[in-house]
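Here come two complexes built around chain A, the first alongside chain B, the second alongside chain C.
Coming up: the complex of A and B.
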């Protein structure tokens, strides 16, 4: 019993570090860039607006990482989804709803193929999704090498529909009341996050995922259908990746080959920073949300600072991922020692 | 029948067979594939192009084979490391300027610094994998994404050109020698690695660590050290490949040097009949695999598939190869066969 308590402490400790890190970073940002409006409510909401897609994708990534797998194809899938949306609406003349449903189905199929290869043929998830990554990016180029901007009115209406919040407003110099707003994408992202949280925590499917990630052999002996659960996890992940791509596309309103390059890194880093263990079995989508917010804060720093190259975001994220991985491995080593 | 069975049982049969199939496909796609001519005193032709352009892939595949064999993981940072090496070399040689027509600093020193940077990247990966026991792909993913960012910073986000004739020698050819320099370098790397593996029993150590690292440690091998060295070596191979590629375009293009080459290298290892789950390996197989990939690339170019579409085909090939390698597929087919024969038996009764 005591041991169990210690273990949980270690994991929630990582989550606490993450949340504290976010709060500290944000406070530092407020202190540094107060005059440029870092402290405004809108700036905080912008974190959600610009990262709505990533929140959903990171939630999906967390699910497969809990099973002990990984998916590095998500960045390319986002590019493919955006391109397919743009192409079907602009070149093929489909309606916005039709295109949206189509890309979501595409994501499910993509996830199914990857999941089948991982679960039933037992190929390393990394190899499968590496192939998936190159496949999706290549397909984007096959569809169109030129950038396609989306001009579909329904889609643009979705993208530009501002939802004003009833609180947090302020009066500007001209005496006008400025109220903070969010886009529908933020609501979708947060709803998805809550649903996934509940699914992971309270359903049989969710608990099976944790069991498989913790110890596949034991899960099998307990009578869980390991293969099918893994397949389901990848299908769900594929769906979330395409939904995330759709939300991403609402922000960019275009499709091009180089889009969302390195997004898989952001998603993995968010999950890891949020306390998901690379070895599987442990993880939490709420942690991943804070991982995403930390990434967003770093981006905001670089935008507000103005002179730094945007490459710094990527390098900082990589350095943080590295730091948290090392932290995890130190924790794991300490746990090993306790056992002995 | 016996001889055929014996022949197909040979380790290198599949890789050579794949290469042969690919070559036939190449000849069908472009009939003048094997024609060799001489242009400006250098051999010229599609087949020469394959061997020449394949140099980077072959060199990367050599490092990748050892990484796969020892750690059952792959080093996906090699392409990005190539970009870092090119950036270090060009930025140093050009003295930080964007385009130079003569060397500002000694290019050999620049190349050496580049190699050092590449080996340092390899050591970083090795440290994460061997010491901290992080899955190889996650560990190398860090440099995979950050590497190009570092290269961008080194070159101030621009393409650094070194427009000096002697800088192009490594990627093109030395005056008076009809064979492209890269081919010599490739042969040197492959032969030296093979000799090193055979003469020092390092090859056997790597295999034993890959098959069972715990057992290898118990019989007295330093698993950690061997895995670390393998990643450092992969970094070294990536630096050589990076130097060649940088010399070809006499510049450091952080975005494009070594782009998608990690996939080629992994594909080469798999095509060479090496299991991606680690253990026994065949370096020669990987080399043959690398040339097969290059033939595929050249052929796809010949039928006017653009460079950013090529990954689609390669990804499909990877999936097919690893599926065929998977023991689960064999089991599944056997089960299906058993079912079919059982049903046939029922019908007969």
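Coming up: the complex of A and C.
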């Protein structure tokens, strides 16, 4: 019991650091780019608008990482989801709702196959999802090598449905009233995040995931159904990847083979910055959210600065990853010491 | 615990402040946000340089440049950031043609004009952008066809039966479609010209060589090879030489290509390539011209072509090469 308490302390400490880092970075941004409008409400909301898909995908990634696994197929799944949405609506003439339900089901099936291979055949998650990554990207190209633009009116209405907030309006220099807004995708992403947070923290399934990631052997001896729990985790993650892909598509409104390349790495980086351990057993979707927001803030820095190469985003994220990995290992070492 | 937290924050604040930043904006400058595709080719780099050297503070501009690393989602983010920064104009060289409605609507709602550079967007509502600036691929193709006609005339072969082949670009690319059409228009004007075959070399040297090898096997009397970019021409030249034939101004086969990259000048100086037709990347000055017109409240044309030249072996290529930006 005491050990459990300490572990949680360590976790929440990492979370606090992530959140604090985000706040500090954002305040630095406001201080530096005050004249350029960094402090605007909309600038903050844009972090959510542009990253709604990634927030959901990172939440899914966090779940499989807590089980001690990984999923590198998510970027390709996003591309496939966008392509299937575009193709079914534009070429096959499906309705928007029908297409959306179909891609979500596709994600569940994809997650089920990957999860089954990982849990029941005990194949390395990296290898399984590597195959999944090639498969999904390949299928995307098979469906169409050309870009497909989504012109379905219902879908575009979802994508362009601005929800104005009742505060933070201002008049811009052209004399137009600008009110801050979000898109439905932001609400979906945040609701999903809260639901996943509750599932992980307060349900048997959620706790089993932590137990398996912490120590698979003892989880087994405690009588947990390790295989089924893992399978469920991958199915949930597959669903979240396709939902993330759907939100991503609401932002880009097109299907294209090259889409979302490397998105899996952004999701993994966000999870790690958010305090998730690659070894499993530790992690929190709220942390992953802030991981995504930190990445978005770095990108905002680069564009507001205006002359730096955008590759600095990657370099800064690399530095942060190093920082967090070292921090985590320091914690792990401290914990070991405490045990003795 | 608190001490640790403070030190961690200090370290992170340091890490952030280490990034080289400059944050001053001058009121009277015209702010232009440019969302560039990336830096994938010499052409692209020259295009970027053209903007950076045109939109300087001395010329009365502040340029906010963003490299999207070939990703549409990065470009969408960049445009959103430009809107927040209340730039006066947004210039976009779109990575892909599709999926711009939402973010361009956001720009329109904020009253910021959007100018497209190089590539077109596939939009349901064309009023979402002010104008487009880029190369005229059809005209490039026609210039090429006319140059071939003049060249043959000068050689006294104006009335001869002429056999042509085309190594096309990647099928469906706007450069391929336009150049094929432009050349085709001129071929149709000459009854003594026959287009023997057209195949895609996918804009690469290796594929260009492969296609040329198969052409040489199938047809023994090829007079002119039209390559839809320079790289394909380099491959074609290798194939011609390997087949024991000669090309260039002193050879059996006339080889022409598009784009005019530096290596094409080297090939012309070496006497392998006859001519190359430019795809001008220097869009900066034309965009600046448009912005000045818009500032003065004038109307601008929706489609604006940049001036494009061609180069052949009769010119002083070494001097031109030394002065070229790309």
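Basically, the second predicted complex is superposed on the first by the 326 of 340 C-alpha atoms of A that agree within 3 Å, B and C clash if a C-alpha of one lies under 4 Å from a C-alpha of the other, contacts with A are read in each partner's own complex, and residues count from 1 in each chain.
One rule holds in what follows: contacts are C-beta pairs under 8 Å (C-beta built on N, C-alpha and C of every residue); 3 or more make two chains touch, one makes a residue touch a chain.
Just so you know, these numbers come straight off a predicted model, no measurement behind them.
Asks: Would you sort A:130 into first (chain B), second (chain C), both or neither based on which partner it touches?
Replies: In the superposition, A:130 touches chain B alone.
Asks: Is A:225 touching anything from chain B or chain C once the two structures are fitted on A? First, second, both or neither.
Replies: neither
Asks: Please work out whether A:122 is in contact with chain B alone, chain C alone, both, or neither, and reply first, second, both or neither.
Replies: first
Asks: After the superposition on A, what does A:49 contact: first (chain B), second (chain C), both or neither?
Replies: Touch status of A:49: second partner only.
Asks: Per the contact definition in the header, classify A:70: touching chain B only (first), chain C only (second), both, or neither.
Replies: So A:70 only meets chain B here.
Asks: Give one of first, second, both or neither to describe whether A:144 is in contact with chain B, with chain C, with both, or with none.
Replies: Neither: A:144 stays clear of chain B and chain C.
Asks: Would you sort A:311 into first (chain B), second (chain C), both or neither based on which partner it touches?
Replies: In the superposition, A:311 contacts both chain B and chain C.
Asks: Classify the contacts of A:329 with the two partner chains as first (chain B alone), second (chain C alone), both, or neither.
Replies: The first partner, chain B, only.
Asks: In this superposition, which partner touches a larger number of chain A residues, chain B or chain C?
Replies: C
Asks: Pick one for A:265: touches chain B only (first), chain C only (second), both, or neither.
Replies: A:265 sits against chain B, while chain C stays out of touch.
Asks: Using the superposition on A, tell me which residues of chain A are in contact with chain B and, in the other complex, with chain C.
Replies: 309, 311-312, 319
Asks: Per the contact definition, I'd like the list of chain A residues that touch chain B in the complex.
Replies: So the residues of chain A touching chain B come out as 70, 72, 117, 120-124, 126-128, 130-135, 137-139, 141-142, 145, 257, 262, 264-265, 268, 278, 309, 311-312, 314-315, 317-319, 321-322, 325-326, 329, 332.
Asks: With touch defined as at the start, can you tell me which chain C residues reach chain A in the complex?
Replies: Chain C residues touching chain A: 1, 5, 8-9, 11-13, 15-17, 19-25, 62-74, 76-78, 80-86, 96-102, 105, 109-111, 122, 124, 172.
Asks: Any idea which chain B residues touch chain A in the complex?
Replies: 73-74, 76, 128, 132-135, 137-139, 141-146, 148-150, 152-153, 157, 260, 263, 266, 276-277, 306, 308-316, 318-319, 322-323, 326-329, 332
Asks: Can you list the residues on chain A that touch chain C in the complex?
Replies: Touch residues, chain A against chain C: 13, 16-17, 20-21, 24-25, 28, 32-38, 40, 42-43, 46, 49-50, 146-151, 156, 159-160, 172-174, 176, 178, 183, 248, 251-254, 256, 258-261, 296, 299-312, 316, 319-320, 323, 327.
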